[in-house]
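What follows is a structure written as structure tokens; I'll ask about it next.
Chains here go by letter, A, B, C and D, matching the order in which they are written, and residues are numbered from 1 within each.
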Amino acid sequence: MVGLNGVTISVVLFGIGLLGLVLRRDLVVKLLALGLVNSAVILCLVSLGARPDGAPPILATPAASAIVDPLPQAIVLSAIVINFAILALALVFVMLLVERYHTTDSHRIERASAAEED
Amino acid sequence: MTAQLVLLALLPITAGLALLQRRRLHAIIGMGAFSLLLATVFLLANAPDVAITEAAIGAALVTLIYVLAIRKTGRLTVAASETPGLIGREGEQIVGLEWEILERLAADVGLDLVVQFASPEEVEEAIRRGEVDIGAGGILASECGENVLRTSGHLPTARFAVAGPRSEPGGKPAAPFRGELADVIDAVRRGAPVSATLDLARFLALSRYDLDAYAIERVEGDEAYVFVLPPSRRDLHQRLAEILARLAETGELDSMIRRHFP
Amino acid sequence: MRRAPVFTILAAIVLVAGFCAVVLTGFGFREPSAGDIDAWADVARRTGAINVVSSIYLNARLFDTLLEVLVFAVAVLGVHFYLTARGRPEPVESIPESNVVRIAADILLPPILLISIYVVLHGHLSPGGGFSGGVIAGTGLLLAAIALGTDTVTARLGPRLLDRAEWGTLLGILFLAFAPIFAGRPLLSDLLPAGTPGRLASGGSILLYNALIGAKVFVGSWVIVRHFVDHRGEI
Amino acid sequence: MELILLPLVRFLFGGLSTASARAARAFAILALAVDAVLLGRLALALARGAEASLVLGGWERGLGIAFSGDQIGLTFAALIWGLAVAVLLYTWRDDLRPYFYVLLHLLIGAAYAMVFTKDLFNAYVILELLTLASFLLVGYGRRPRQIWASLNYLVLCSLGMSLFLLGVAVVYYHAGTFDLGALAAEVAADPSAPWVRLAATLLVGGVAVKAGVFLFSLWLPSAHARATPAVSALLSGVVVKMGVVEIFRLSEVFPLEPTLLVLGFATALLGLLYAIQTRDAKRLLAFSTLSQIGYLLIGFGAGTAAAKLGALDYAVAHGLFKGLLFLAVGEAARLVGTSDLRTLISNRNAIPRATRLALLVGILGIVGIPPFAGFAAKSVLESALHPALLHAGVGLISVGTVASFAKLLPLLGGRSTGRSDRARIAAYGWLATAIVLFLPLSSALVPRSILSAACWTWPAYLETAVVILLGLGLRRLVRDRPFRLPTAVFRIEEGTLVILASLLLVFCLVHVV
């Protein structure tokens, strides 16, 4: 089912995020890429329930029989908050690393911290 | 329906462009825009709850803390080996002739200056890998490697071969200086064997100690201190060269040299 | 942007493309059956909240939400722990501002807080709920921080009150999860009656959960934002 | 009822510990007591043969979150409890902030929930809570290299959990449920459908990042080696095991046998190579964790019920002796000031006697000397592995384990001068007792008939003797021949690529049924 729809786009976004995670060495951009990967999964889950003729899962609307699947939407709310929590903590840790190593370049931090161990 | 498809197609484009940004602030703003687009897609996909949460958290709060966290001014990273008089630490402060020149450059291009001290070979390596913007600290024009940009010398200097104790002068010239100056000084103080070619600034620092037991010989040839830059920073090289030329023209360079090498 | 070695770039592209191709093989469409739709509508009928997502989020799958609140609490705790211990670099000046910003902040803050309260309290009736409402209020407070400085805002809210609210709301949520057991019902189930769907006082405990989560997230996101304002520009 | 009370009570204590800093330690003890009561009640209920499963909040299966308590879950819960006691004793004299106790409560509560949950999305949220709590615990010392190790851990685990969630999406797309029981029925209807393979790949690959499977968990050596000893013990004994538990649950649903066998041997052999090569005591323990996870995966992959029981038994045993080893080596490293093996050995006189004894018990446990834990669990596992080749492969891994742990033996020599404090000795004693008495204890999980048939036989003794002799020989062989292994794979970038490559490998493997 490759075509212009939410699921395909979300897989493409996942791929872009992975490329960013691997190829960009700046930790801030790496975290942005990680956020993209997480958002991609959220888009995937929401797109699962989406139907062109659907209605929001709120029963007050007249077409109560046409509501879209509420379950993925409910779990996605948790996923969004978890992603935010991860991001906030990761940023704090990057701050602490910058204080020590004066750089956000992952390779240089890696080398500096490996050198400390010896 | 069409609006939805257009928005969906915009998502990877926005995300890709955002992650390709050279400056972090641009990347962050790009991802903020992506989150907003994503929230709109959710709204159109009949997921208003998710849309509100994504807009409040993903677009607003996350972008906010990123923007707060990052430094708005960029950095100019310098790798330097400590050389007394040129660039070195004095307590918390960094002082020296080259440091002052670099401060001018940083003010000129509007960036914060960050110095990482390292041994000469580490500086060379960092420049070769393009990990830092400028290499400094007693780098001699004749010793900097291939494939790097270097400025014209800002201070003429000479080289001295120090060998001993109790070795005959006139032998094979010692290898160029490597490692930490502090180690050489330490060796001299203990009277341990030393064989190194030092530039004038480092030699002056060393000559404060008792060198009677060592053979000292001036190495022939004219030398000058330079800055080195990775080949990718041609723009920065240009700016540095301009600043050096201006300093030399106005005579400011001479007074700076006199201040640091009385 | 520093370039990665060619080999890494190639490997990354090949692997990512392979991954995307593999993932795309497995998806297909699945139309919801009439039974599914009935089941979803039934959830809302049982909880009494017309927002089906809220019914699932805060009743049928309440345990997930509870864990998620704990994840958020851990994040707030971590940010607080690591950034407080570092001390602040220098007396933090308020963010450079002009009178226009200050006045705008003064005018904008009350409606933002009102909107957030509305979003929190109508979580079972319309889109929104504790999390989004709390975050809106927490970031809205940043406007006040722009005008007054973070220290003044913290002082006005009362640092001790903030501290207490932080764990008090968490304990409240946990207690609410425990409470049904005293009424002889299963843990993590409803405490209050379902009520008439569509009214503000309906949906069982969902309203209480939304209010508590809203308060918790409001305080938590303010703590995070405050620390990031104090330590801004450090990366 | 006890199933959900166990995590909830822990969370409540976590909340209370933030409220009152002074009482944090008292709450920690109280929580252990409450846990013990609840675990006892659960054990009694299970012994009576009562059905211990429930859907939270009184919902029916399918929509709500289902918990189910079985012997396996109970065993793991008991392991978690035992390690929690040891950690509390070990850190008794340390001046820890209430923050530490809050994280500890949340970590343990999440682990309890993990062993009982039968819901895929619930497992995702629990694993994320485990990740965040342990992430903060790894960085607790605030040393920059700890911070860097835990940031690596966070990024790679978050990526892994995204893969897992993508797998959950695939499952929901096709089966319309998050419930493992309902999913098992759907999978059984058509086990070779493309979506089953994709879902299995993503779920197993995602959770393998957390479970310490070598190719996926490249963050593990640094994080485990750089954290403080008590945290390392928890990471190895509890957090990694929770990933293993999820892999076990998945292996009950999806046809994963060849995949797990290949992954198991890969992680065991690679982990051993690195363990034999490293010169750092704590990294040795971390790499050995990776190799020991291999045993478990092989057990799950062998497919028979007995092999699975043996693997679970081994998981518990490993939690005990690796916890003890991390605590003991951690104290030695703290006293000497480094975990570099050579320096440790030359300063071995600083290691107190109790710590040496703990080390000895730990080593005897892990190399499988009868009647210690390793021997019992390994015998049960091996007796269930039927093709001779499989059996021989596992024997080879045991030889490598002996060879890598022989490096720690010199630490036991010399004469000790220092003294440990009482609380630490109690912590060692607690875990050591469990290791020594492991055979009778494991009869709670493994039927007594299997146990005695596997352990009290001459072939088992003979095999142990041969393995130990071969292991010591291998140690002599490699001692004077240091070799180098690539270290670049432990960086974030390469680590991500390796995860992707392994994921594609798993995707190929799930097609081999």
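Operating definition for what follows: a contact is a pair of C-beta atoms (placed from the backbone, for glycine too) under 8 Å apart; a residue touches a chain by one contact, two chains touch by 3 or more.
Computed from a predicted structure; not experimentally measured.
Q: Would you mind telling me which chain pair, B-C or A-D, is linked by more contacting C-beta pairs?
A: Result: the pair with more contacts is A-D.
Q: Between chain B and chain D, what distance separates the C-alpha centroids? Give it in angstrom.
A: Computed from C-alpha means, the inter-chain centre distance equals 44 Å.
Q: If you average the CA atoms of chain A and of chain D, how far apart do the two points sit, in angstrom?
A: Chain centres of chain A and chain D, defined by C-alpha means, are spaced 28 Å apart.
Q: Hey, how far is the Cα centre of chain A from the one of chain B, in Å?
A: 34
Q: Which residues of chain B are in contact with two or more other chains?
A: Within chain B, the residues that touch at least two other chains are 48-49, 53, 57, 61, 65, 69-70, 131.
Q: Chain C: which residues touch two or more other chains?
A: Where chain C meets two or more other chains at a single residue, that happens at 1-2, 4, 8, 12, 16, 19, 23, 27-28, 36, 43, 51, 53, 56-57, 61, 64, 67-68, 71, 74-75, 78, 82, 126-127, 129, 131, 224, 228, 231, 234-235.
Q: Which chain D residues touch at least two other chains?
A: Only 63, 121, 125, 128, 132, 136, 139, 142, 166, 173, 493, 497, 500 qualify.
Q: Pull out all the chain pairs that touch, please.
A: A-B, A-C, A-D, B-C, C-D
Q: Of all residues in chain D, which touch chain C in the complex?
A: 1, 4-5, 8, 11-12, 14-16, 18-19, 54, 56-59, 62-65, 97, 99, 102-103, 106, 110, 113, 121-122, 125-126, 128-129, 132-133, 136, 139, 142, 166, 170, 173-174, 176, 194-195, 197-199, 201-202, 493-494, 497, 500-501, 503-504, 507
Q: Using the touch definition from the top, list the residues of chain A that touch chain C in their complex.
A: It comes out as residues 1-2, 7-8, 11-12, 14-15, 18-19, 22-25, 27-28, 51, 56-60, 64-67, 69-71, 73-75, 77-78, 81-82, 84-86, 88-89, 91-96, 98-99, 104-105.
Q: With touch defined as at the start, can you tell me which chain C residues reach chain A in the complex?
A: Residue positions touching the partner: 1-2, 4, 8-9, 12-13, 16-17, 19-20, 23-24, 27-29, 32, 36-37, 40-41, 43-44, 50-53, 55-57, 61, 64-65, 67-68, 71-72, 74-75, 78-79, 82-83, 86, 125-127, 129, 131, 197-198, 224, 227-228, 231, 234-235.
Q: Inside the complex, what are the residues of chain B that reach chain C?
A: Its residues touching chain C are 20, 22, 48-49, 51-53, 55-57, 60-61, 64-65, 68-72, 130-131.
Q: Write out the stretch or stretches of chain C touching chain D in their complex.
A: Chain C reaches chain D through residues 4, 8, 11-12, 15-16, 18-19, 22-23, 25-28, 30, 36, 39, 43, 56, 59-64, 66-68, 70-71, 74-75, 77-78, 81-82, 85, 166-168, 170-171, 174, 177-178, 185-190.
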